[in-house]
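Accompanying notes for the structure given below.
Naming follows writing order (A, B, C and D), and every chain is counted from residue 1.
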Amino acid sequence: MRYSYFPGCSMESTAKSYRLATEYVMGRIGVELVEIEDWNCCGATSAHTLSAAMGLALPARPLAMAELREPGLDIVTGCASCYARLRLSMHKARSDKAAKYLIENVIAMPYEAKREVYSFLDVLSGEEAAAAIKAKVTRRLTGLKAACYYGCLNVRPAEVTGAPDRENPMAMDRIVGLTGAEAVDWAFKTECCGAAHQNDAASVSRPLVWRILKNAQANGAEAVVTACPMCSLNLEMRQGGYRKHTGLPSMPVFSVLELLAVAMGASARQIALEAHHVPAAKALAAALRRSGGGVAI
Amino acid sequence: MSRIGVFVCHCGTNIASVVDPDRLTPAAREMPGVVYAADYRYMCSEPGQQMIKDSISEHGIDRIVIASCSPRMHETTFRKMLKGTSINPYMLEIANIREQCSWVHADKGRATEKAIGLVRMAVSKVSKNEPLYAQSIPITKRALVIGGGIAGIQAALDIADAGHEVVLLEREPSIGGKMAMLDKTFPTLDCSACISTPKMVDVGAHPNIRLMTYCEVESVSGYIGSFEVAIRQKARYVNHDICTGCGLCETKCPVKVDSEFNLGLSKRPAIYKLFPQAVPSKPVIDSESCRMLKDGKCGICAKLCPLGCIDYKDEARTVTESFGAIIMATGYQLVDWAAMYGEYGGGRYRDIISGLQFERTVNAAGPTEGHILRPSDGREPETVVIVKCVGSRDPKKGKSYCSRACCMYAAKHAHQILEKLPGSRVFIFYIDVRTPGKGYEEFYDQTRMDGAVYVRGRISKIYEEDGGLVCQGEDSLLGSQVRVRADMVILETAMEPSQGIEGLTSMLGAARDANNWIQEAHPKLRPVETQVGGVFLAGTCQGPKDIPDTVSQASAAAAKVIGLLNKSEMETSPMISAVERDKCSGCGACVGICPYKAITLQEIDDRLGAKRIKREVASVNSGLCQGCGACTAACRTGALDLLGFRNGQILEEVDALCL
Amino acid sequence: MSLTEGFEPKIIAFCCNWCTYTGADLAGLNRMKYPENVHVARVPCSGRVNPQFILRAFQKGCDGVMVCGCHPGDCHYSTGNYFTRRRFMLMKRMLEYNGIDPGRFHARWISGSEAAKFRDTVAEVSERLRKLGPNTKYREALREGADAGKGGAGI
Amino acid sequence: MSNANEKLDALLAKAGVRQYDCYQCGKCTGGCPMAQAMDLKPRGVMRCAQIGSLERILKSNTIWLCTGCQVCVERCPHDVDIPSLMEEARYAASDMGYERRDSKILNEVFVANLKMFGRNHEMLLAGLYNMIAVKPLQDMSSVPHMLTNGLVGVKPHETKNSESIKRMIERAENLSKIRL
């Protein structure tokens, strides 16, 4: 299992625990991530808002570089927003000749879109990876009730992502299940968290986060699990108002990779759990205690 | 050489004022084969017809051309007239010099020229006409009605009352269909069971009706007047000849599975009647859940039965029956909304139920004895949201059509909730309210006055939170997003054709429309017929409709069948396809092109030089062929020809025009 | 003075009994007026029209041929006119190949209620054919043949 | 009037939207996360497209508040691609100078950031945005935590080849000035 890897800007900064957990888990289960040389930002929401050409070209450049350097490898990214932008460029280059021409002119190199763009969820839910995970889980997170949050961009739009179920996806739930934790059934798996507008329209975007957290808690979740550093950051960092507005306790937010890492034996320090805005280690420690291991994390 | 008579009609001044008979008649007289030509003021009148008949015998005429109004007007009249003469009714052609000449042209000279041309075409064509003889096919005076819902019941009763024998076939263990599941019917709110069960009993007791429940159609052959239908009687494991329906067996059966009739809202045993008022009122054993039939361990019902009716060795049997006509009354089913609407929870929330499940809930004979209780905890709901158009008017996820009955039963459901649960609140989310029917708009008005809140907008998402269902949508009249916290949600889901419709229609050769409903022969003028002769339509198998429309259509279909069965034989048009076997190569191109499945390949004995061989040739079933001629144009060797419109006749017409 | 001045084309229209023939009758009933050039040959269904009929018409010197039937999907015989449609798309190409202007051949869908459409179609086709002039492709050949055969008797 | 209609038609064509596909059921608005803050709801945008009122669409805050979450088109019974229409409307609105101030600041700061470093520096982005948009306190409570845990560095991450990325962005900017 070898992939060209597009980390995305958040992985380099705010998603410190996510990054460390990714390195830990992928190493353990034998997924080799070949970081795309000199990758650039995918442009996120701003680039395509300003210009269609920029929105298509920014993600296409690292894809084209990956295909040039490692023509045999598919591309993987751990960020839902990057995933959506990369996949859209791939999709457009394949299906729309004019778009392909535009992209190649702007990035000044050929881009054939021969390789697929995958998310971590795609990779981890593959048969081989799932078997490897099962083999490497050494301590179970028994009874940890987690709400898997996929976000919008991992699943929509369907013709770009190819996701079979956009309302109640299950890939992450199954991965979480491998750690011994319990993925709860809840209703906001793919509702928008408003990350794109938390800077410029904060007052309307904050309640979106709160609604997601509230539904997770209403369905018995003790933690939210994500597959995206942007989702994680947004759901975690904007909890201040949540406590005030709902009177509910704050909610730890992990990436699915962190959960896997802990289940595979990583210590809190190894994956920098202390870096979370909302204290995260406690919930995991409690789950480990329940499993009877009594191992400190 | 043919001896043709030409008769030119003036039609008062309708023709004669534009087309000059004094030029046309002499011109006709000069045409090849014409031995006599005359004109008259009204050819279709009694003296006109007499004149033609006299001329035929006087001049030894063997075929005629009448230059008059459209053949669509009087072709039949003149054919009937010829029946009393020495010549065959099909030795007639009509030149349409009124609708397609005198009425549409003003220039007398040019119109007369054209009329001469039209007469010449007809004369040339008639020279190639040949006597044709209508075949008569005997009619089996017996009708098959497929489907024992209210449509099938009504049709069967009407036909039986007219004195004809009917077999009413139903695949479930009881007749009754969807109507038997309903509580009350809009807009009059009369109890559904009170009006449908007496009809079911009538069916069971009618001397002219044979009820075949738990049966399916296995194959159909033949054509109008004489269909042969193979019917499979599924194994019941209960001898209905001696069973009295006492019901003892049902009480002790240890198996409990979801009740089909109550749509999973209650359980039933493995030996069961579909519902208490079932007709026939005798149980069957469901072989998939019976312990005795599955594992050979149990046998309680056999031990209990005082009459020894239980027969675990019972097997399915197939019988073949003959019918003169068939009525399709196969009905509808509701779409599987859970598979289509993830945004409504995809079936994960127990308190979201379908309209039909609500009918069972509110029905006094249902699982809650008529108390409106939500399935999850048996509590009375305080707030109910009703969502319309679930699966209807949704080309992306469901059906593009409107299911027609939902607006009204949504109003009915709201009314029932508000009546049974004083103080409750009902919100109906709708896109449009459609109430075209007698008393329907008034019923809708009443429901609003009862306090039902109509909210214009399609619900976007329903989710469970803190023990309630949050329904999120837009109030599009207000232009703002709304969330309603409900205790129970009713989805008024789309109708779709019953499962199995594809197989049944292809056995019959009947067409289905783009949505898989059975296609009527003509949407306006032949709404209860299919394009297959002798196969008729009743109820929702043709498209979504409510009970009044279903029953009307069933009676209409029955009237058609009665009309057919009242004859002992039926004349078929002789203008159908014919095969010249010597020319036929057996390629089969015609078989696929025929819309009526009238052509089959048949093996015949033939010679190739001195050798005896077997080869396949096309064979036209005169009962099925409707005379469209599509096969003749597709025939590569010219072996197929259409009687009355033979290639030779049409080519003569072409040649005559181009002279 | 042009060659086609005063020329009136001869057109045969194969009309299906259920739609176009009815539409043509309705045009009469409404006393609509159209040019005399068109002669209708009634057929049960446009699907009955064998390509041979059309070739024969052109061969015999007809200036134009129309095939008219029910709208696709409305065929009295359910599917007949689908075959018509497919068949006559090929027909156009074949006529071209044979040196006959495909503008001489028209397949149109006219329902039993479209009397005005029948009138307009006839007028339009007549006008187009007036401009195209006489169909001489085979007519000349025919005349020569006839002259030779009948020792100059002519037609 | 006809000029405006032509413009609207061109915009719809580029977005791949046929305005009359919409029958105003409101499912889009019902599911839209930002609907409450929008002055014209998504269904209203489609209504304006139907009655030919392009101006109202371009001047709405709706097109700037759309997060592109795609939930409207995902659930739309007629598969009307509203997000794509929103995107085309944003371009058209920018051309006419109707850009929403906060969005403009954020997006321009973002791209300026990319031109400098090739990658996005979240701290710098938020800081610059807050400064220019005059929201000095927004999200600032999280900053000490981020700094102590090394979640954001003071020094931005840079691609090796930021100059080539800058040129690429400029090419794209030039291309987007040519409206097809």
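FYI, a residue touches a chain if its C-beta (ideal position, glycine included) is under 8 Å from a C-beta of that chain, and two chains touch if they have at least 3 such contacts.
What you see is a predicted model, and the numbers here were worked out from it, not measured in a lab.
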Interface with more contacting C-beta pairs, comparing A-B to B-C: B-C
Reference chain A; chain at largest CA-centroid distance: C
Whole-Å separation of chain centres (CA-atom averages), chain A against chain B: 54
Whole-Å gap separating chain C and chain D, where each centre is the average of the chain's CA atoms: 59
Rounded Å distance between chain B and chain C, as computed from the means of their C-alpha atoms: 37
Averaged-CA centre spacing for the pair chain D and chain B, given as whole angstrom: 53
Residues within chain B bordering two or more other chains: 343, 461
Chain D: positions in contact with at least two other chains: 36, 71
All chain pairs that touch each other: A-B, A-D, B-C, B-D
Complex interface listing, chain C residues touching chain B: 10, 12, 17, 21-22, 24-25, 27-29, 31-34, 36, 39-45, 47-53, 56-57, 60-62, 76-80, 83, 87, 119, 155
Chain B residues touching chain C - in the complex, by the definition given at the top: 70-72, 96, 98-100, 103-107, 110-111, 113-114, 117-118, 121, 511, 519, 531, 575, 593, 595, 626-630, 632-634, 642, 645, 647, 650-651, 653-655, 657-659
Footprint of chain D on chain B - complex, ascending: 343, 389, 393-398, 431, 456-461, 472-476, 479-482
Residues of chain B defined as touching chain A within the complex: 342-343, 345-346, 348, 461, 463-466
Contacting residues of chain A [partner chain B, same complex]: 165-168, 185, 187-188, 214-215, 218-219
